[in-house]
Amino acid sequence: MLEIKGLTAEIDGKQILRGIDLVVPDGEVHAIMGPNGSGKSTLGYVLAGRDGYEVTGGTATFDGVDILAMEPEQRAAAGLFLAFQYPVELPGVNNANFLRTALNAIRRAHGEAELDAVQFLKLARAESKRLSMPEDTLKRNVNVGFSGGEKKRNEVLQMALLRPRIAILDETDSGLDIDALKIVADGVNALRGPAFSALVITHYQRLLDHIVPDRVHVLAGGRIIRSGGPELAHALEAEGYAAMVAEAA
Amino acid sequence: MPAVEETLDTVNAVTGSTYKWGFSTDIEMEMAPKGLNEDIIRLISARKNEPEWLLAWRLSAYAAWLKMEEPEWAMLRHPPIDYQDLHYYAAPKQKAGPKSLDEVDPALLAMYEKLGIPLKERAILAGVQGAGEDEQERPQVAVDAVFDSVSVATTFRATLAKSGVIFCPISEAVQEHPELVRQYLGTVVPAQDNYFAALNSAVFTDGSFVYIPKGVRCPMELSTYFRINARNTGQFERTLIIAEEGSQVSYLEGCTAPQRDENQLHAAVVELVAMDDARIKYSTVQNWYPGDTEGRGGIYNFVTKRGDCRGARSKISWTQVETGSAITWKYPSCILRGDGSVGEFYSVAVTNNHQQADTGTKMIHIGKNTTSTIVSKGISAGHSNNTYRGLVRVRPSAAGARNFTQCDSLLIGNNCGAHTVPYIESRNPTAKLEHEATTSKIDEDQLFYCRQRGLSQEDAVGLIVNGFCKDVLKELPMEFAVEAQKLLAVSLEGSVG
Amino acid sequence: MNAIRPPSALREGALAFLARYDGLKARLPGDPALRAAAAELFRAGGLPGPREEAWRYTFLRPLVEQEFHEPLVPLADCGPLLARLPAIDAPRLVFVDGRYRGDLSVPPVQAMVTTGAPALGPLARPESEKMVALNTMLAEDGAEIAVPAGVDAGTLLLVSLGTDAHGRAVAFHPRHAVHLAAGARLTLIEICMGEGAYLHNPVLSATIEAGATLTHLRLQDEAKGAFHLSTVYADVAEGGTYDSFALNLGARLARMEVHARLAGPGAAAHLNAAQLLSGNQHGDFTTVVAHDAPNTQSRQTVKNVLTGNARGVFQGKIEVARAAQKTDGYQMNQALLLSPGAEINCKPQLEIYADDVKCSHGATVGELDAAQLFYLRSRGVPEAEARAILVRAFLSEALDPITHEAGRAALEQAVAAWWETQAA
């Protein structure tokens, strides 16, 4: 269970998060919606531990353990996965090698045996096929020369292989056509279960038609100004953010 | 087989210090007194039972060296080297031909073990009679081990001899194949070529000799392990490889040295000759002791390596991974004399702490339609300085010559330096040369991305650096590639954070 | 370090200049101590030679083989030379054989100009500034141009004419200085022309204060028998810009050396150039850009077109100091070799001590692209014209960024005229 209390954070001395309170119980999918600049991506980065995002107050725990004190890789080992809005290119680093290194690092952290190349490739091929990735995906360099859609699917492929306990999807729908969107959503839905939870950050209702959330939160000005069921997303789509932000102010 | 994957782990477990090859071996040594003069050269020559012409050649090189000055153009700083304060000859005392491993100096065996050389091969290297000659299941790598100044053993000679390949210590070649040595020695790197080559020519004590006859494809990888062990000893080995018409050979070279507080001098010369349609692939993983984190100790590595593509369509390919040495001064080069000949240089040079490297290549285009490729990846960390220096020269005769050069530098931290000094000279309008150089740092986004996926900071750096070096690493023979990748990571330990 | 011993020819060549100095020093204007120091340096080091890394490709032997004399007074008639000046409607400062000629000049209104007192300074890097030492020792005249803060002084022509009206080769070493106060602007168009054999060894120091912009266009079109060895220093403060283009066209042996120092955050330097060389000409364009402050930017595009037995040299060094984080440095050097006897030597160089930087260089050497040539000809363009089009296209990356219309037109015209003499 992810529990965030009174979380404030700043970048270069500029306050972005102004007190986030949020609980995502195991097995639930929550959506975070909000206008540009509301702090959605910042929340994802702060939870994943990116440098330059300074936590100035509040707490964030996962299963009662303070994650804010951990290194990024420790958070990953604890089961936290961030699907990047802009996946990073790693020239010269082979996708399969990268994934195996990551998977084995996490397995090591859990005291599990590492996968050898053959075991890993079998697993990776199956997953990438399920996500309709091109055959050469695993051979190519990480995200180098990938189209926008391929990058996003590659994020979902990584998530499927690393099997996180909580996934934060940062605008994974942006830049996707309908078919790709469906593939991505199927990838997330496949992981749903009592031990998996997700925080889906998005601008639009569209993605939430495919990944139906248990709860929807509206983030504006660094605070959650409203929470509700899936119907809240529809209300937002109809009314727009401006009205809701004005109402909350 | 040269240090394989396990080497690191084995040696690491043995030493547990930052430099994983820093053990020294107590073996009974025979040493010449310190200092350099004609008498020492005569002593070396006499010890090797050399013919008169070779002694004369050495003495003329020495006379030339006395008139030369140490080059100063490289971006390297070091206190003056006292050439009189070194031993120019050191050899392990070994009785010839032990019957079994039990008779071999245990310290020597222990050293091979630390180097990760498998037991069977250790026996071969230690010169146990009959060991390894008829084994078919052994990995097909022949090893020559050069310990301080002397080649201690060469494996698989009988197997190689069946196909006519000669692979032996050069001191032995002088005895067994004097006509070949005399015909080729000093024809690629003349004795007076440069300060360090002249020094080497005067005092070289051993090294490897390879001769591949016409049309023969060498049946296995050839490998030399260089090891400096004795204190205050210069190592001056000389390697000569001749590939006759239509032949092929792949040669690997590995280097380690013990941890010492003082600097040790290594000045080697490597000469390659490729005749018509011959191919020589020469790979190096250089991991001499780099000095400690404060810059104390470490090997001064001044090496002249040059390949002569004498024949038409011949090809010489240099691949190097340079992670060691306090100072590296090294420019493996190709003289592209034969029409259609090909020269390649693939290099990764890593410097950390207070290391300094000034390395690159020379591609001299003389023949028509000659092509050369240069890919250099320099990585600087700590307080180190890393310079790429390369020359591409197209002579008027080299119609249709082509060169492509890519040289990239990566800086890790803000106390190091990365420098690029290419020289591009063309005197033929039909030649086409392209050169690109970039400088960058490890991207914070890349680091975070990897760490978000569960990689530790150091693994992430290792992964990104290996990606940066991929175009070079893929040129290495498989067993070296694995070792090289790990070496890169080890060399950069503690550089980020 | 061992002292570098110059080859004896260069040492002897230096003696003539030293003799000139010894005979002249009592009459030379300015601080005698600066001159004496420079002379001392020059006496010890002589002319720069091929043993020095920065001079490995340019050998001054032809220079020392030439005997030079003092310029004569009264000065030559310069009518025919002046008639060849490009028509640019702007004030101008004219120097003949290194001496200011008020009668031929039209001083600017917006900038203050002083002549007769060369703006000498101490040598910053004595071991590598031998030509500057020679200049410091023997400079007799020069222009000091100052633009007050915030003033846009428009365009100013700085013209140097070399003569051999008396059939005697002369050597002159003018010393110029340009000072742009904060926010000032100036376009300085420097034109060098002449007749016969002479040595023109000018030094120009530009100080560009915060936010100021100096646009420096140079047309080196010296006489075919002349030597041109020039040095420019540009010191750029915060937010300032040194925007330059040099066309290296004339002289039998020419070296244009530029040292730009980006001393303040946000400073920028553009050092574009083209070298068009033919016959037995030797042309050298050498630059050093020192990024000494954060967020500084440098851009260099250098194009070489070489025919006959001409030798082209490009040396470009980008230095990034530890403090100069976020430096953005880029350099491109390209050469077209149009004849079997032509030769190019280039040495682009990066020396980097800061990690968060973006620096790159590229170099290409080759001949005209056969496919492009064929494409044009297949469309009916005659070969000579097709070649002209491709050569002009090759030069465009260096020429097109020039925003000063009249200046660019003059340079374009010089390029076209050069090409016509090649084709003829």
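A, B and C label the chains in the order they appear, each numbered from 1.
Everything that follows uses one rule, which is that a contact is a pair of C-beta atoms (placed from the backbone, for glycine too) under 8 Å apart; a residue touches a chain by one contact, two chains touch by 3 or more.
Small disclaimer: the values here were computed from a predicted structure and weren't measured.
Undergrad: Among the chains here, which has the CA centroid at the largest distance from chain A's centroid?
TA: Between chain A and the rest, the longest centre separation is with C.
Undergrad: With centres defined from CA atoms, tell me which chain sits nearest the overall protein centre.
TA: Given all protein C-alpha atoms shown, the central chain works out to be B.
Undergrad: Between chain A and chain B, what is the gap in Å from one C-alpha centre to the other?
TA: For chain A versus chain B, the centre distance works out to 48 Å.
Undergrad: With chain centres taken as the means of their Cα atoms, state the distance from chain B to chain C in Å.
TA: A distance of 44 Å separates the two centres.
Undergrad: Determine the centre-to-centre distance between chain A and chain C, using the mean Cα coordinates as centres, and give it in whole Å.
TA: 57
Undergrad: Which stretch or stretches of chain B touch chain C in the complex?
TA: So the residues of chain B touching chain C come out as 69, 72-73, 394, 396, 409, 411-441.
Undergrad: Flag every residue of chain C that touches chain B in the complex, lowest number first.
TA: Interface residues on chain C, with respect to chain B: 1-2, 53, 322, 325, 335, 337-340, 342-367.
Undergrad: Applying the document's contact rule, which stretches of chain A touch chain B when the two form their complex?
TA: Chain A residues touching chain B: 48-52, 71-73, 75-77, 81-82, 84, 87-93, 97-98, 101-103, 105-106, 109, 141, 158, 162.
Undergrad: Applying the document's contact rule, which stretches of chain B touch chain A when the two form their complex?
TA: 443-446, 448-457, 459-460, 463-464, 466-471
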